[in-house]
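Structures are listed in the sections that come next.
Common to both upcoming complexes is chain A, partnered first by chain B, then by chain C.
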Partner chain A sequence: MDKGIFDAILIPMKVPAGDSYVYVLIKDKSLIKDVLPFPPIMSVQGAKAVSSITRLGKGNIKIAAVMRPCEIRATIELAKLEQTNLENITLVSMDCPGVIPFSDFIKDPEKAMELFDNAIKQEDDKIMRPVCQICDKSSMIAGDLHIGTLGAKKDTFFIISNSKKGNDVLDKLDITSKDSIDSWKAKVKEKTEKKQIKRKKTHKDLKTQMGGLDNFLDTFSKCINCHNCMSVCPICYCRLCYFDSDKVKYSPKEYLQRAENKGSIRFLPDTSLFQIGRMIHMSLSCVSCGSCEDACPMSIPVAQIFSMIADETQGLFDYIAGRSLYEPIPLKTYKEDELHEVEDAHD
Partner chain B sequence: MDMKIGVYICECGPNIAEKIDIDKVIDAVSSLNNVAVVERYKLLCSGDGKKFLGEQIKKHGLTHLVIAACSPREHQQTFMEVCENAGLNPYLFQLANIREQCAWITDNKEEATKKAIRLTKAAIERVRYHTALVKKQIESNPDVLVIGGGIAGIEVSLQLASPDRKIYLVEKTSSLGGLIKNFEKTFPDMQPCQEFIKQKINDVNKNANIQVLTDSEVKEIIGFFGSFEVKVKKKAEDTDEVNFDVGAVVLATGSTLFDPKELSEYGYQKFENVITSLEFEKMNLSGKITLKNGESPKSVAIIHCVGRDKKGYCSEICCMYSIKFVKYLKDKKPDIKVSNFYSDLCIPGKSYQQFYEQTHGNNVDFIRAENVEITKKGNQLNILFKDEKGIKNNLLFDMVVLSPALEPACNTSQLSELIRVSQGDGGFFAEEHEKIGPVSTSTEGVYIAGCSQGPKSILDTITQAGAVSGKILSSLIPGKKIEPEVKVSHISESFCIGCKTCLNICSYGAITFDETKKISVVNEIICRGCGNCVAACPSGAASLKHFTFNQIYQELKEAV
Partner chain C sequence: MTKALKMNKNTQQCILDFLKFLLEKDKVKGVFTLKRINKNKDVAYSLITNPDEISTAVPFYPLMPVNAGKLLSRFTLKGSTKKPVVAVVKPCELRGFIELIKREQGSLENLFIISSTCSGVYPLKMAIDGVIEKNLPEYWDMVKKGEISPDLRSACRTCEEFIPYTADITVDLLGKNDVDKQCIMFLNTEKAEELAKDMNGEILDKELDNKKLDKIRDKRQNEKKKFFDEIEKKLNGMDGLIEIFGRCIGCHGCSKVCPICYCKLCIFESPDSEYRPSNYESDLRIKGGLKVPPGTLYYQLGRLTHIGISCVACGQCEDACPVDIPLSIIFKKVGESIQKIFDYVPGKNIEEEIPLVTFKQEEFVEIEK
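And then the complex of A and B:
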């Protein structure tokens, strides 16, 4: 900001009451001392913040948005879906240690912060959210600049550029040193591989646990239809969710008919249909950020389930949500020659 | 006004009456809400049947009509006209297909009746939620843009040009005539070609209703059937741009030869005296078939099917023009040896076989060969090949003529994007339907003629040009308004979140983006009502008139 590279910074900061962290768009430089780029929780998914600012146009202020890799990936997905404009935004990520579940944090925020700091020091993710423990993209560079702490000497860090925008920032800051990032790469590789193994195992267990219609329905039978998962999801960008619309409100006669057909019908109805619908709609862009699971009052492992579905649906298109701004989004890409395996299933 | 649904079940002679218990169907639907009348009739599509329906609509004051009869493909339009004539909006009608989908698929009368009841009930439940749709009429421009000045484009232009229909004929080279200009004679009649094409070009130039734009390229086409805005640029001049409006567009961009250099085994442009069929035509037209050293060849090999495997299709005309080449050579030099190397001969039609047989004997061979390779041996060209029995062989010739596959003209993909007509097999323009729509395309008002649609003889090209002219003459009548599709998509302003997913999905270019409101907007005149945007819209903002969510849901509820 001093050098006029940025007009404002979007970064997490502790709320005055001290019991949460939110994104703030800082214009007053003196406030920068109070920021906390690594908050212990993800209260608002950063992509939602960026989208709020630029949904209606790029504006003419240059903003540095400091976020976790999954938030950056969600931002990139939203850019591809025209829900944010990144022209004047520089995305800055960092090696993410994960975050603590809301439910653990809110009991005693101060204690939680202590535990969080310790966990980072000891590189132990046991207290982090389950979906963070299986995150294999916690150091993925998808934005413009990345701050690498893994494999760095004490009290130092790597600044890695990933785009022309990133290079320009480094140039203007006169950062020219080209230290090798091999130690960072090696450490990231080691961590990623470990997590990939854990991710595969978790997904495999989940699949056994909830495979088949009955198990699937059991998993979501706790759902209270609050749609919190949808509200906090950065990818759920529809103005009005289909499942909140009149299209899924039926006449008493029809409900009675359904009750007659099945013996009874639960209310509110269509909860599992809502989950399936959301999977169909957003799994191709899901970044496994975990917001949905944090927001679920019934502790349904939504994020773990969705991360499993997302890995499979994105895998079909060799796609990783948010990996690159220039990778076309499968929802918007039509190829005449694809998905024959799905066609064949109906032969 | 109360809803009064009339339900009529067609016996279709014995077709439905014998296979379905129609009285049971009547019983099953008579007591449904708002059903005012249910009747059976011998043959509803007959003159008497249509009269009966019209009278019934008026007599009972029907607000909605359901007919259980044949496939909508067969008589939907017939019954919609009946509605219109009786003063009922034709979109307040639904046809249940109890013939193809019930009567004709099983001998089990009970099962067929059960399904007929379901389908009729489904149609009744659906029709309740129909809304009256009103056809719009728009002014149309009868003028036509023809792209490509070969025989296809010339023929279409000549057939269509009239005092009330101006034709713009755009040609990228400096003169009209296309490939035919290079031919001395045509197959199989061996009639002189030059006079014929010169006469045609002359007719075009003389015609006051045809504006010829040579050295020109189409830069922009926007709009829809009846009203396209066109920008054409003269190649040499940077500033000169011609703008005009037309109602229809004909793509007649023709084809070009596959470059045999891509297949090194043929030695093209590596060895002297290995030439392409087009080079041979030009040489023949100049009057002298000679080798590089000026001498006349004593033996010529014609290699068919060059690049066929690579392109994946047979180019249809190469066998025939290769036989024509035999005639050229024999006429000029009766003792010359000519050998044809082919992998399959394509000589269809009523006159081609005779044409082929006439060339036999007299030092002319047809050799079925595989793995043809051309090398140099002394002053001659050595053709190595595997014969029909799989035995390796070789023969020496003075000259080799390659008959390469035809491929789409080089600007095909550029035009394809410009006018949103997709490229099909081999990169040629895709027709709407291989059999029932061979000259129309997925974009209404855009037609294809000649080799731009696929390899074709002059005869077939002219036939296609005639078909295109017929299509345009019957649909784009000067002074007559056109009726665009009414079952179109609509994007809700309040639900659209502006993700632009529909823009990429729409194959007709019917959706634009309103940058101020940040929402997608459907152009109802271009929209063909395919429903792709409705399926793709993640926000449920797009809906299709006459196929709304509720209409489909109500229908399905009874059907399944």
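And then the complex of A and C:
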């Protein structure tokens, strides 16, 4: 801001009560002393914060948004879905240690902060969100600049540019040194490989646990239809969800008919259909941030389930949500030659 | 005196027998009630048409997975049911439904309502690890003694409206010490008397034991005073509001589960509430720093204004809040203060119009002055 590169910074700050951290758009430099770039929780997914100020246009001021890698990836997905305009936004990420589930944090914010600091020092992630514990993209550079702390000497860090915007910032800051980031890369690779193994195992266990229709229904049996998972999801941007629309509202006669077919129906019916629908609608862009699971009042492991589905659907198209702004969303891309195995299955 | 049906068996069993009787005798075509839905014994509202499935119904289970008023509204949103259906709901759920009917979001036609004097429910959280299941003996003990368990929803612990107003049938539960030996169903309407015709049992002239219920109400009032005093200290002024609502994540889960919030598109999710670059740029010039997304407090105050008059204090909002904001007490307190001005009890009387849509030439002259 001093150099006039940015007019404002979007960054988390503690709320007055001290029991949360929220995104704040800061123009007044004196406020910067109160920010905490990597807070112990993710209250609102950063992509939602960026979208809330750029959905209707790019504006006239240059903004640096400091967020976690999964928040940046979601922001990029939203840009592809035309829900954000990144022209005047520079995305800055850092190596992410994960976040603590909100419900654990609010029980005792001070204690949680202490635990969080210790967890980072000891590189121990067991207090973090379950999806953070299996995140293999915690250092993925998808934005413009990345601050690497892994593999750096004590009290130093790497600033890694990933775009022309990023290069411009470094130029204006007169940062020209070209130190090798090999030590960062090596450390990231080591961490990623470890997490990938854990991720595969968790997903495999989950699949065993909830495979088949009965287990699937049981998994969502406690769902209360609040749709919190959808409201906090950075990808679910529809103003009116299909599952809240008139399409899913039936006449008493139809409800009774459905009940008569089976002897009884759960009311509302289609609770699990909502979950399946959401999986189909957004899993190609799911960044496994874990916001859905944090917001679920019934503690259903939504994020773990969705991360499992997302890996499968994205894998099918060799796509990683938010990896690159220039990689088109598979469902919007037509290729004459693809998915023959599906066609063949119907021959 | 009201007609009452007395059966000498466990009350819960009697209600199941009665529901089965209604289906078997073709008096109703469907039963809407809480029911166990799987082998894990999870409980959800269900619509039952097969009498054999009544055995897994748990009409008075101390859980409100969804406010049933909202569900009955969904059931009758596209028109009243042509076939008779009986619904077993809690008093606040019934009041929520009545408020929705006043807003043209449902219909009572061909619906029979069974409710009970209500002991309250446990928070949804306690359903997660089967805690409620373990607590059931303790809960029924509490029902018999008319006591308040500290584990119940704060909305229930402080609830004075535990007697249903407009139910066709009221089941005597709260403070009834022989609830596991005898069942009393008050037949409040002609419809109810017709339904109960030919059901095994004895018809009596009887009233609820109001003396006993008044004592229970006193206990709840004391509890309410404690909660209100505490929240009043915290809610003090703008700073207090920011302290309390500062951790809101804007999921709007409270509005999604609220039986009164029926808008298809909430104004706070509409284009009206979107931030244009010109908005935040001018805000930034004035304030130097802004929370984004904006409008956290505005949303809460807006919802208080929009639904306060009809809030039935069911506590569903608080249970759905992922960040544990004490919404039910805040909404109850503000709701009651608005309702008092108009001498209005939401859901008490279907004929009584909602004050905000009623014009009276002579009112609030003190404000005009």
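Simple rule for what comes next: the second predicted complex is superposed on the first by the 343 of 347 C-alpha atoms of A that agree within 3 Å, B and C clash if a C-alpha of one lies under 4 Å from a C-alpha of the other, contacts with A are read in each partner's own complex, and residues count from 1 in each chain.
To be clear about the criterion, contacts are C-beta pairs under 8 Å (C-beta built on N, C-alpha and C of every residue); 3 or more make two chains touch, one makes a residue touch a chain.
Keep in mind the model is a prediction, meaning the values are calculated, not measured.
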Overlaying the two complexes on chain A, which is it for chain B and chain C: clash or fit? fit
Partner chain in contact with A:L81 - chain B first, chain C second, else both or neither: first
With the two structures laid over each other on chain A, which partner does A:H281 touch: chain B (first), chain C (second), both, or neither? first
Touched partner set for A:D155, first chain B, second chain C, both or neither: neither
Vertex chain A, Cα centroids of chain B and chain C as endpoints: angle rounded to a multiple of 10 degrees is 100
Quick check for you: in the superposed arrangement, does A:N60 touch first (chain B), second (chain C), both or neither? second
Now for A:D182: first (chain B), second (chain C), both, or neither, which partner does it touch? neither
Check the residue A:S52 against both partner chains and state whether it touches chain B (first), chain C (second), both, or neither. second
In the superposed arrangement, which partner chain does A:R239 touch: chain B (first), chain C (second), both, or neither? both
What is the contact status of A:K247 with respect to chain B (first) and chain C (second): first, second, both, or neither? first
Does chain C touch more residues of chain A than chain B does, or is it the other way round? C
Closest Cα approach, chain C to chain B, once both complexes are overlaid on chain A (Å): 10
Residues of chain A contacting chain B in one complex and chain C in the other: 56, 239-240
Residue numbers on chain A that touch chain B, as the complex places them: 56, 81-83, 237-240, 242, 245, 247, 254, 281, 331-334
Quick one: which bits of chain C touch chain A in the complex? Just the residue numbers, please. 29-30, 32, 35, 37-40, 42, 44-50, 52-53, 65-66, 71, 74-83, 85, 124-125, 127-128, 239, 242-244, 246-247, 249-253, 256-257, 264-265, 269-270, 274-278, 280-281, 284-285, 287-294, 319-324
Contacts from chain A onto chain C in the complex sit at residues 8, 10, 13, 15-17, 19-20, 22-28, 30-31, 43-44, 48-49, 52-61, 102-103, 106, 214, 217-218, 221-222, 224-228, 231-232, 239-240, 244, 249-253, 255-256, 259-260, 263-268, 294-299
Residues of chain B defined as touching chain A within the complex: 494-501, 504-505, 518, 536, 538-541, 549-550, 557
